[in-house]
Each structure stands twice: as structure tokens, then as C-alpha cells.
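Chain lettering (A, B, C and D) follows the sequence in which the chains are written, and residue indices restart at 1 in each chain.
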Amino acid sequence: MRVKLKIGENEKKFINRVNELTGDNVYRCYQCGRCSASCPMAQEMDLLPNQIIRKVQMGQEEDIIGSKTLTLCASCFACQGRCPKGIDIAAVCEAIRHLLEPKGKDFWGPDDVQPELAKELPQQVLVAVYKKFAK
Amino acid sequence: MRVHYYPGCTLKEKATNLEDSTREAMARLDTDLVEPEGWTCCGAEYPLITEKIHGLIPPVRILRQVEIEEGSKVVTTCAFCFAVLKRANKAMLDNPTLHTRVNEYLADDILIDPTTKEKRTHFESYNGDVQVLHLLEYLRDEVGLGHLKSLVKRDLSHIKVAPYYGCRLLRPQKEVAIDDPETPTIFEDFLNAIGCTVVDFPFKQECCGSYLSASMPETSNEPSYRVLNSAKMNGANVVALSCPLCYYNMDTRQDRIKEEYLEFNGFPVLYFTQLLAWALGADVETLGLDKHLCDPRPLFDIKQNAEDVEVNL
Amino acid sequence: MFEPKIMCFLCKWCTYAGADLAGTSRLEFSPNGINLRVMCSSRIDPQHILHAFKEGADGVFIGGCHPGDCHYVEGNYKTLRRVTLFKTMMEQLGLDPKRLRLEWISAAEGKKYVETMNEFTETIRNLGPLNLEEKTLTEEGVCHE
Amino acid sequence: MKDDGKKKRIGVFVCHCGVNIAGVVDVEKVAELLKDYPGVEFSTDYVYMCSEPGQQLVLDKIKEDKLDSVIIAACSPTLHEKTFQSAAELAGLNPHQVEIANIREQDSWVHPDRDKATVKAVKIVKSMVEKAIQNEDLEPIKVGVFKKALVIGGGVTGLQAAMDIADQGYEVIVVEKEPSVGGKMIQLSETFPTLDCSQCILTPKMVEVTRHPKIKLMTYSEVESISGFVGNFKVRIKKKPRFVDEDKCKLCNECADVCPQIVPDEYNMGLSFRKAIYMPFPQAVPGTYTLDMESCLGTLPIRCGKCKDVCDAQAIDYDMKEEIIEEEVGAVVVATGYDLYDMKALGEYGGENYEDVLNGLEFERILSASGPTGGKVQRPSDGKVPKNVVFIQCAGSRDPENHNSYCSKICCMYTAKHAMLYKHRVHDGNAIVFYIDVRTGGKNFDEFYQRATDDESILYLRGKVSKIFKEGNKMIVWGVDTLTGQKVEVEADMVVLAMAMTKADGVPELMKKLKISIDGNGWLAEAHPKLRPVESLNQGFYLAGAALGPKDIPEAVAQASAAAAKVGALFAKDELMHAPTIVPVIEELCSGCGICVSMCPYGARTLNAVRKVIEVNEVLCEGCGACAAACPAGAAQQLNQSDSQIFSMVKAILRG
């Protein structure tokens, strides 16, 4: 793996937008990894929560776009609760999903619900998941 | 006593056992639950980013309705609704920008007055003055656990309960937490007050998989299984909770957990209000126990307790 | 635009040092206040404040150490008591008590000093000139601002 | 020395400070405008007033123009007031006739507008001229120095400071609140990076202190209050009753043998038990038993009283009372040390609920040959030898959101030591260290860390642990390795937390009494972080050791010696100069109302009931001026800061 690190206008724009949307500053993260150690979904992820923040710090938007992590976050705030800096990583994921929507990225839609689940799912689940992941 | 109560949409449909047991229990505590006129869904999830302001409209509208009806408090049992209402309320208190924008939007909202049936518009700003309480907080702070204990009619000491908080009652700490997020005791104190045997277990604040059970159903088996298994390993015979979504993941989906974890042979899950109503002497039929996938009825030893009820009554 | 005259009494240990820190940090702010250094804010006698108003001050500022941090044990509490009392007197005299401000600013709070000076200047600017000397006292001995 | 109506001859010197002032303020104009101001005899500007030629200019002009007061319009008085006072003194001028007009920090650096800054500079200078017109020549008040020091804290820092002061020939009192000196260091097993035994290097020092003829040791005692001022403090020390006569006690241990009360042993961090009457540890200094009355069953014969019965030396005295001892000292060294952050605050690591999750000091006791297991590594719950031990760094440190924002500094090194010593004792065991950064700045520190990884094959995983919980008889640790990007779960037999260092218990309350400021974290605040690291702003108080912030033993000892040197420098003088800007009484105006007496925090003012006037102890007066503001008659006037001076200055500022 090799990468030519570039923090140019586009990268800065991306980083600034994430900061704006979350009202925080991703550079506050010093990569202790406690979010990942706390995350109940870490086992399913291709990028751990701390790596998502790292990628934002480095302006590597492209690497995040395809990551499963964005749709594995259930906003349980375990990461934020134990983060020594109190960074809301669920909000960072939400911000990134939001930024990807105009680029045509749709993470989930009403048609994606499995028909056999549709009749048993509690209402709040459908509302929540639609709100979180749909365009 | 009369208090505003926001049930939320799930309680009217899939979680009627939570709704019914809540009403049954509160009636026995002489508390009249008043639903705000014309309430809607709260939105289930609080918007985490600043630009998604529309997510604040439904909860603030509900809270404002409570205020119009001269309520100073609103009680919820659903942990999701609780978190959304509480965070929205806090935003109205602490965030001047959101306060202005949401109120501007709601100023032209139309509402039918509950008494005069007149259409109203041009409302004054909602300033976050309604107190949002989870029922556990209401029981602790308004009813009083000592008083509650004195009203208990049945012996529940044989029920070994693992209290499951999940995420929404405890995090984010500064905005919603009803107790310390790492070492909470409010649920335990409540269970002790109604006479259950409390079982401490390390997964009480770990996530159950939440709404991923809709978008990626296979992923929520493991977190839910770990919670149930931990409760069992620590000697509980039931998990108690307050969230219809956690209930769905941990009870309704138990057949799918069994498919993945062959050694798992089921574990009962209850709403805390079912235990409360039962302790206060409610009829077993009112608790909606037949809705559970893993049958909890063996825990409700009706024969033994019926006599106690009569004696106490 | 009206440029108010502000008389500032600063204690040597905290607020004066805080004002110096604003300087070393090159924080720019409105130049309306001029400082007089005293050993402790408790050196300030209400008659010093009255004198300042009489000599043309539109506002008077007193800066001391945070509660508990006074170099002279509890001088700042004495100041607080005096200022609180004096403010009620100001009302009786027909002077707006907002023209007198007491603030705790430590040696490390250069930024707070600057913010306070800007804020206070703005407050006084909004209140307008005092011109106490030109005002005649009414029969009751009260000056109507 | 009133000038008897004689007009003052004042010189004004406006500094350019290169472009620092002149770049904004029109300094020539300022000097020019001041020329005609009443009282000003001479006015000029110069590029660097504080330079050698600049000072010479002032000196020459004082002589030439017979100036009896000078105003230096330059930087803040905190920087060069002393410089110019000395220069003026060389020219025969009283230093109290020198005033600084601060036109840099409080003008040119904060107001970039040239016109506004210049106008402001003129007003500032004029106000200082007004002050100078009424300035009097003042002579410093001379006070003697009580050449005896008080050291608060009997840990390694306090002991070192006491030894170093005593070796300079001065008397020292050491006050320690615990029954024995030794502090935290005496609890350590071995010290990094040399691995020499902590007790072996500290106990000789403890004994030396007791034998030193100049040192008086007061253990089981606390400082109640300190009054007075540098060179002349009065200290009240509370001596708690030990109920055992130190001189009579023969250390036979019979009392402890018969004592029926068992309580957790503080020395072993509660990992073992002691009796209610006990000696903290065999090498305790002073070597005596102490009866802990809070744990005692009862001294009446019907309750217990067994220890007294059995004591042949008749050393036990149940009637011993708390004593207050008063001492006079000239200087105080504060070496109150640190405590470990409370494990209860870390709920995610189980708080204190898991027996096999230890803090660093508890593990020190387990490693120590004098500890509860005699140095064998056994876990507290079942005494088994743990085969998998997880060490967690930064427990409570570097966490501004939930705990402490600072780095506790010593944990990286002692965790490496812990892991290494564990491997020395359990060869087939696994030691896993979770870290965020490994910080090994110090002589031979990184080499030591490398030994841990190279020779002992200790696995370092980069990531902070989020949760520890018990499953069966294992502790499950949820961590992460950020280097490979994996969430890691470890089944451990025992976990050791490198708990943050924090302020010692009771320190904020004590510092309030001593008027020593503390920072937001509760650490003592030094007078200047770089240049005056062992002094307090409160004169006569010197600070050393971990009470100032996390540090290791050599650093604490170095600070102790530094503080001792400062005390020595103070004691080398026979007299101290006390600032003369006090508030005397103009007797003709004083009605003896006594209002000022209640204003004075130092007890410097007393009412002479016979003469009905206030008398002022000029040595006690610190010159705050609170009394001057309160005096209804204007009889209390601060020297060189009189009401009349303030009025003139205010006028110059507002009308000048």
C-alpha cells in the first residue's frame, strides 16, 4: 500500500465540511483508538471508527465512500461516551453520508427492506433506518 | 396525579405490551396519563449534523403542544422517543441558532385547540421549558422509590432480572443520560424497589444492534446474543428493558439468533413496566405476555401470588 | 461616533498583569480605558469612583483577582461588597449602575481582559455620555441621567 | 520627607523600544508635549531606555538637572521597574521617586491606531507625573529573619529538602500527616531505569533525617495555620495523638498480637490487613506503634484495652490528647506530593469492583519483597499466579473529556518496569501493554523500554482499552490495535492500570490556608514556570516535588535541593527589606473608630484604647490599602498611593 499524501483545496474543502456539519474539529482526535475498542459493530467493519476519523484528517474522501462502516454505525454513542476528546463519531459518519448524497450515493431505501421483515419490524426501526441511511 | 405522556408510534402498534402495562401500572399509581393532542411520530432519530434541522420539527412540535396544554413535564417509556425529545428540548435551551430557526418554522404551524377546537397559528417561541422524563426518572423523582416499594403487592424476589439500559437512556451523557453512563443504578434501584432480585452484568449498556436489524439483519444477531448470553451467564432468568427496538432485536428475533448460535436456547425478555404492573398487583392478562417469542409466563407464578394479592388488597 | 472616557482601576497582581498579557499577546481592543495600577482592588474607595465621574468619566471599571485568589487574602471580597453597595447608591443618585463594572480577571486572562474592555466600551457607548459636571442636581439632590 | 511646597523637578524619559513603541506611538510628540506640563523639568525620548546608554542618560540627567523624580515611559513596570530604580539610586535618587508609565503592553501593543495610541500615551505619562509630584522618599523597612525552615511533607522530596537545608546549618521541622515518613516512594518495589530497590535507597535517608541534630521530625501531624510573612512565620501544627509514647515503645509487637481489630493495611494498599494498633511497616520512622482510634474496639476494660495490659514498657497511654504546637519559622517548603486518581472514576474498567484489576501502587506492593505476597506475583482474588497480564497506560490521563487532561509522565516508564518485573518473576507469562504513545524522555529511559521489548518480549499494542469486565475467573479486556486496525479482545488473569497521578488529598484546602495558588488540576502554581520553578508567588514559600505536577523521583529530588538552596539564600541574609509603601496613620485625623482594624487581613492595625488612635505594625502591613479605602476620616493614607495622588492621577487621565 502506498499513497501520495495531498492536502489540497478539495481535501481541505472536504475536511472543513465535515467539521462544519459536526460542529467539531477532526484534528482534535489523537488516535487512541478507544472508539474502535468500544464499537459493538467493529467486527463487521472494513474501516474502524478511528480509521474513519484518520481518513478524514488526511482528506482521503475516496477511501471512505466505499466503506461499509458508514452504514454499520447504529449511533449508539459508545465511541463518543468513552472518547477522551468527546468526539461524536456517529455525527462524523452522518456528515459523510450527507456529503455523499449529492454524489448520487443512496445507502438504503424503502425497497431494501426484506418483505418478511416488513410486517414484524417496529415502526421506529423503519423510521430510524430510513432517516439515517436514505437519501 | 395527571401527567403528560408521549407513547410514540411503536407503542400503539408493535409494542402494545409496553403501552398496556405502562397504563395498567400508572393507573395503580393513581397517575392519569394524558397524551398531547394530535401527537405525531417524534422522528425516532435525532439529527446529528447541524444542517438537518427538519429532524427537530416533530419533537419540538410535540413539546410545544404539551406546553400549550399547560403541561410542565412529559413522560415517555420508549427509549428512542425519550432521547429524541430530550435532545431536541436541550437544543431549544442551549442552541440559540436552532432555537430561532425551529421557532421561525413553527410560527406558521396550524393547530387545533383541544378545548375550543379553533384553528390557531402564530405561536410564541418554544424555549425548552417542558421537562422530558423517562418513566424510570418519573418513578424515582416524582413517585419516589420508597413510596413505590410500599405499594408493591406481589413477591417478585424469585425473578432474577438483568437490567438492560441499552444506548439511548445513557448516551450522549451530557444530553440525555438519566444516570452515570458507565455505572448507572437507576434501573437497579427501581427493580430493587419492586422487589426483584437484581443481577449485575457487564453488557447492560452495550448496543443490541439497533436499527441495523432492518438494514443489515444478519449483523444484529451477535450484539443481541452477547447481551442475552451475558445476562444468563451472570445468573439472570430474564432481561428487562425499556426500548421496543431492543425488545425486537432480543426477543422477536430470537429464532434467528438461535439459528446462528446453536447452543442458545432462548431467554425471556420483558419490559420493565410489565414487572412494575405485576408487582403492583395487575392481572396477568393485562401484561401482554402472550406476545413474547420467548414465553416469560413461567416467571409469573400466578397461583402462588394470587393469594398474596387478595391478602394485601 | 461617541468615544466614551473610561477610568480603569486595576489590581497589580491579577488584572494589571492580565492587561500586560493582552499586550504581549498583541490582542487589539478599544483604547477608551486608561489604567491606574493599585496594589489591590480593595484600595478603591467609592470616592475615587465618584471623583472619576466628576472629572468626566463615562464609565468606571475595577479589575481584581478571582474570588479566593486575592494576594491580600480577601481584598476582592471587600471590593465586591463596596461595589455592590455603591451601585445601589448610584441608582439613588440617578446614575446608571451599568456605568460601573467590577470584573475578576486573572494574570492568565489577557483575552478576558480584552473582551471585557470591548464589551464595557460598547455598553458605555450605548448609554451615551454622562456629562456629570454639566448636570444640575435637582432639589432632592438627585441627578437625572 | 515632604517637599515642603517646594516645586518638584521631574524628568520624563520616553522609550522607543525600537519600533515596539515608536512604531505606533509618536514618541517625539509625547516627549515634546510633556515638556510644558507642570512639574516637568526635562523631557526627552530615546531608542532603548533600558540599554546601558539609556540608563546612563537617566543617570546623567538626574545629576545635571537636579531631578528629584523621574518617569520612564516604556514597557510594563513588571519588567524594568527594578532596573531603573537601581539606576536612579546610583545617581543618588530615592528609588521610590521612579515611576514607570506603561506605554508598551498597555498601549502601543494593543492599539495600532497611531493617533489614538499617542493620545493615550500622553495621558498615561501625565498621570504618572501627577503621582510623582506627590511621591515621597521612602526607606525600606528592615525585618529580621527567623532562620528555621518548615517542610510540609515527609516523602522523598520533603526529606531531601530537609536534609539539604539542615546541612547548610539551619534548623528544620518536617511535618508529615502519616504515622511514618517515606511517602509514596517507600511503597515502591524497584525503581526505573536502574531497578534498584526503593526501600534500600530510601530507608537510609529516613534514618539520617531522624539522626540529624538540626532536624525535628513531626509525624502524624498536620499544619493547622500559618500567619506572618517571609522570614517571620508563625506556624500552628496539630499533633494527632498516637496513644503510644514514641520514646517508651520497644517495638516488641505484643500489643498488635493481642489486638482483636483487623483493618485493611494502607501500606499494602489494602491487599493485606493490619491491627488497630500497628507499625505501618518494619522500617517505619519514627520506629513506634500507633493506635488508630477510629478502628479501635474501645479502650475501656469492658470493651477491650488488651494492648495496654500487655505492654510491659507502659508505652500506651489512652489519655493522650491532640496537641497544637506553635513554631516560628522563616521559610516554608511545600512538598505535599500526589495521590493516585480514584479507580472509582473509571466505571468502564469496573471501578474498584474487580479484585484482579489493580492500580500501579497495588501492583508495586505485589512485586515488593515486603509486600503481601512476599514478592511473588499472585492475583488477589484466588492467589493464583496470573499467566496473562494486561497493562493499561493512560488510565485517567490525557482524557480532558472525562478525567484529567494532562499526561501523568511516569506511567510509561513504570508500566515498562511492571511488565519487566512481572516477566522476571513469571517466566512463562504473557505481558501485554496497551499504550497510546510511549514517552521515554530521560536518561537511560528509552534503553530501559527497549530492554522490556527486546529481552522480555513484552507485546506492546497501540490503542486505548475501552472496557474491562469479568467472565468466569477471567478478566475480559476490550482493546484495539490501531497499527493493524483490529479490535482486540484479551482474556486476562489480571489487569494493571497505570492510574493517573492527581493532587494529594486535602491539598486545595491546605493551599488556601497558605495562600499558594493552585492550577485547574489542583497542582501547585510556581511563581514562573520557567525561571522560578520552585518558588511560590507568596514570598517565603518554596515548592517541590509531585505536588507541582507529575514527576519521577530524580526530578522531585532535584526540586527539593533547589528549594533548599532557595531557603539557604534567604537565610544567608540577616535582614529582609520590607516594602515601605504601607498605610500609616495620620494621628490628628484618626478618631479611633477601629473600622480599619477589621479591614486588615494581617492584624497590622490595633486600637490604642488609651490614646484612642490606631497604631500600625509596619512590619505586618503588606500595603494592600483596604484600610485606606475604608477610613472615613482619611487618616489612613497609603504612602505614595494617597487619595490625593489617586485624585490627581484620575484627573490627568480624564482631562489630560
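The definition used in the following text is that a residue touches a chain if its C-beta (ideal position, glycine included) is under 8 Å from a C-beta of that chain, and two chains touch if they have at least 3 such contacts.
Worth saying up front: this structure is predicted, and the values here are computed from it rather than measured.
When the C-beta contacts at C-D and at A-D are tallied, the pair with the greater total is C-D.
Centroid to centroid, with C-alpha atoms defining each point, chain B and chain C lie 54 Å apart.
Inter-chain spacing, taken between the CA centroids of chain C and chain D, is 33 Å.
Centre-to-centre spacing of chain A and chain D amounts to 46 Å, using the average Cα coordinate of each chain.
Residues of chain B found to touch two or more other chains are 181-182.
Residue numbers of chain C whose C-beta contacts span two or more other chains: none are found. The multi-chain contact residues of chain D, meaning those touching 2 or more other chains, are 348, 467.
The touch graph of the protein chains shown belongs to none of the named shapes. Residues of chain D touching chain C in their complex: 76-78, 102, 104-107, 109-113, 116-117, 120, 123-124, 127, 512, 515, 517, 537, 581, 599, 601, 622-626, 628-630, 638, 641, 643, 646-647, 649-651, 653-655. Across the complex, chain D is touched by residues 30-39, 42-43, 47-48, 50-51, 78, 82-86 of chain A.
On the side of chain B, the complex with chain D involves touching residues 180-183, 202, 230, 233. Residue ranges of chain C in contact with chain D, taken from their complex: 5, 7, 13, 17, 19-20, 22-24, 26-29, 31, 34-40, 42-45, 47-48, 51-52, 55-57, 68-69, 71-75, 78, 82, 114.
Those residues of chain D that touch chain B in the complex are listed here as 346-348, 351, 467, 469-471, 476.
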